[in-house]
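Consider the two complexes below, in which chain A is the common component and chain B and chain C are the respective partners.
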Partner chain A sequence: MSEPEAELDFELAKQQLTEFSARGGALVSGVADVDDFAAAPEGFRPQDLLPGAKRVFVVGGSPPRAGDWVSPKHEHQETMGTSDRINSLGLKAAKFIEASFGYYALFVPPGVNKGNQPFLSVALAAELAGCASPSLAGPLLHPKHGMLYYSAIVTTCPLPIDGRAEPACPAPACLDMWEAEGTTPCMKVCPIDDGGCLGGDIVEGRFANRRYNTARCATRVHTHWVPGFQKGLEAALDEEDPEKRKMILYSSFFTRTLWSMTYASQSQAQCYECMRVCPVGAEERTLR
Partner chain B sequence: MSFFFVEPEIYKKYKDEVIALSDSVQVNFQEHLPPEKRRRGHSDREIAEKLGLDERTVREIRVVAERDTYDLEEWEKAIEFKDKACRAFARHGISYVFKYRDELK
Partner chain C sequence: MEIEASASEDTGREGLLPSAPVCEAGKKAGALIVGVAAANAFNEYVPEGHRPEDILPGAQSVVVAGNQGPTAAAWRSPDHRVMEITGYDFRENVAVHVMCDFIEREYGYNALQAPSLPTAGHHPPMSMMLAAVLAGLGTRSLAANIILHPEYGLLYYAALVTTLPLEPNHVLQKDACPSPSCVQMYEKLGTTPCLASCPKDEGGCLEGEIDEDGRISYSSYNRERCHSRSMNFGVGSVQKSLVDIVAEEDQDRRKSMIYSDFFSQSLSSLSFYKESVAQCFECMRVCPVGQNHKRLK
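This part shows the complex of A and B:
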């Protein structure tokens, strides 16, 4: 590791990093100040991962294709995870920072740390870096691209900081729907009081009183992944009849779950229904 | 047993409190408020301090409780929900949430 050059032009460095990321496929990128992560619990801040951390660089992109969104088979997107592409770019950006600028750069692993929790909230990092803004449904929304995947790199390089993005949620169409029906597209598809995951209000043009059923969302987002595997295995272990146990272990549910786990090198979202109906970014998902 | 796990009695005693305090129940966390003003869930360490338990015990209680909330039937419902919603969107586009609500039933 070379000594950081005292005369490094940080504005230029950020420009080079932004261009490098765009060439690699990033649709958006930004820089957050580590001091803004004070709201995160201790143990989930950038400084907990990298001593001396000053910034978090975030890249976003690799959303599902328009064709993926209109397929009538929900199993298609369950199997077509594209988040790994942005993580590949994040790792390259970390290498670029270290090789080009001489500062430490730590790629935040996309997997989970102990306790089934992330090393760092990449969503919070992306928000603080101005890449996108929170939504009632949960995923961050970019005003043009809608839902994107994000990757975060913690660095000691004091790159110039970006401000936070303007809210993209609720969209004008959602405000109209709220006035007419008292709900929004995401809440109508997945209503928390009717077997779904999402609830909330629109107050003075902003979403408020948000409710989110994390546990039910897990059954939909990770139907055929680690949670589904654990539930299926539990059912098999509880079954005393060996013939019935075989039916469980060889079943379509259990088999598909095992295949999904082997396809994915990392956590793979398996429910997109709240985002499928989101007006933000819908133009980019609508083709001929 | 060669790895750490909590006794079922301890789990049953504390699971509701742990889940209620944790990030598993999100209320107002993602509103358009400055991060320092959001009501985030407590970390395992913070819950441990509140309940007088150690952090590792809280972590194990939370992780088990998150998976224990719904039985396997909810996974079947998830498949049915996604199938209907996805097919309705494919037929009608985004308008299905406005005009074709019955197809979700």
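This part shows the complex of A and C:
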């Protein structure tokens, strides 16, 4: 008769997974309960991707380096992609869960499903796992590291849950600025009422009445990559003059869209201005 | 590194070195399995121009790394797009580069990653499938000739070619396909799980027979049909779409084609997300080989 299977120590398992992730480059990690995803529409919840799912494990890290942030050449950060490192770690963590604990673990694909919709909101997962909290500017913020990139793994393994983190935004410096000027660094750099994307208030130390122009932001943030290629292709095919068409196809814009899509792993995001002025995580971006 | 040379009667080559240090380096770098084939073992099966010696003059060995792609959970997802799009970490490729570095640094022999992407037509310069078979990592299956490892089933393979003379592995003596349960099914029903899931005579891709000894006696697969189902997105679909888009004279229709889900997903599959370029896994979904590694809690 075979020995009964030993019960997995889930606390220890989480510790091992956390250490594995940290060794792989994660700056933060956390666990969310799948039941907390009720706010997500049906079809975009963890159980829709993996029957019997119990938790979502999230790893965060691979932000632009401090040196990237201080480069005076804006094209540098526009083309230096760092986010794919966290996706590689996400798949490794999923394989680690299956190989070490014997539970199913599904790496949430970082690409999009039909209609440019993600399979599951990784931002929501990171928030529910306590890795970071929402900000006035939009990106999730970790209190120490500021903006990070995230990868999510849906699993049947009932790891201990972390729960939401305390809000990192607005930072104390932003509260002071709000009291003095009625704005914050992020809203000042990109004001929604002055051609920008961000607006809102601070009420009792918390941000409120947030306004965000998604469409405007997208046209500034995602200027290259797949949508840039589609836009360039459309313009080229609509152009009847062969010389002009040739110029479009060999233009810097079209060339950069091709680079951004392919193996060069270039950044998909080209505007970081709201994050550049954000005091959350600024210490991590300040070196000698 | 201290190296003790040995001889192998298998290939008639002298001074063969133990392969274990190289294989261990590959496994440490993330390969699930590693095997070695003698470079000249390819000569019997492939035409000139596609042999290791054609890739690297003086080639002695081919080291092959195999790895699983999607996790067991991805196979269970009811959203078929998950498997269609699931990114790979390409650890087998990483492992091959680590082993190349290891060979060049520690032994002082040349090593390069074997080219496996098509360079002319749809033909790769070197067959990773044949490399896996000759390195003793698997055998061909009834399911579109996919190489099955007896323990893990479907794996993804990468290889390196080196001038380092390593002790080769043997080609597997026992076929991974058909598995005992498939032989039983064939005896009762005249088909196997993969053949039943995609029968050539009913619009599918696969056809085959198993002899009295429980071995594949005949197999055939409709490559064009299989390709059109398993490669919906990727380079081919971008080319296909472009032909239609460029030929479309109506500006509005052209715009909808450019921004369609199909074209967007095709472009995304080319991009750096490392998305899967295979969209049909049905013959492998029902294959019993390696199923133990897909059943978790």
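FYI, the second predicted complex is superposed on the first by the 277 of 288 C-alpha atoms of A that agree within 3 Å, B and C clash if a C-alpha of one lies under 4 Å from a C-alpha of the other, contacts with A are read in each partner's own complex, and residues count from 1 in each chain.
Note that in this section a contact is a pair of C-beta atoms (placed from the backbone, for glycine too) under 8 Å apart; a residue touches a chain by one contact, two chains touch by 3 or more.
Since the model is a prediction, treat every value here as computed from it, not as a measurement.
With both complexes superposed, B is the one of chain B and chain C in contact with more chain A residues.
Of the two partner chains placed by the overlay, chain B and chain C both lie in contact with A:Gln230.
Contacts of A:Lys188 after superposition: chain B is touched, whereas chain C is not reached.
Once the two complexes are laid over each other on the shared chain, residue contacts for A:Asn116 go to chain B and to chain C alike. Of the two partner chains placed by superposition, A:Leu12 touches none, neither chain B nor chain C. Touch criterion met: A:Pro72 reaches chain B, while chain C stays clear of it. With both structures placed on the common chain, the touch criterion links A:Arg216 to chain B but leaves chain C unconnected.
Residues 114-116, 230, 234 of chain A lie at the contact with chain B in one complex and at the contact with chain C in the other. Interface residues of chain B, counted against chain A in their complex, comprise 23-32, 34-36, 38, 40, 42-46, 59, 62-63, 66-67, 69-72, 74-79, 81-83, 85-87, 89-91, 93-94, 96-98, 101, 104. Chain C meets chain A in the complex at residues 68, 71-74, 76-79, 81-82, 85-89, 245-246, 251, 254-255, 258-259, 261, 263-265, 267-268, 270-275, 296-297.
Residue ranges of chain A in contact with chain C, taken from their complex: 48-51, 81, 84, 87-88, 91-92, 94-95, 98, 102-107, 109-116, 119, 154-157, 225-226, 229-230, 233-234, 237-238, 261-266. For chain A in complex with chain B, the touching residues are 36-44, 69-74, 114-117, 124, 128, 133-136, 138, 167, 177, 185, 188-190, 195-196, 206-212, 214-216, 218-220, 223, 227-228, 230-232, 234-235, 253, 270-271, 273, 276-277, 279, 282, 286.
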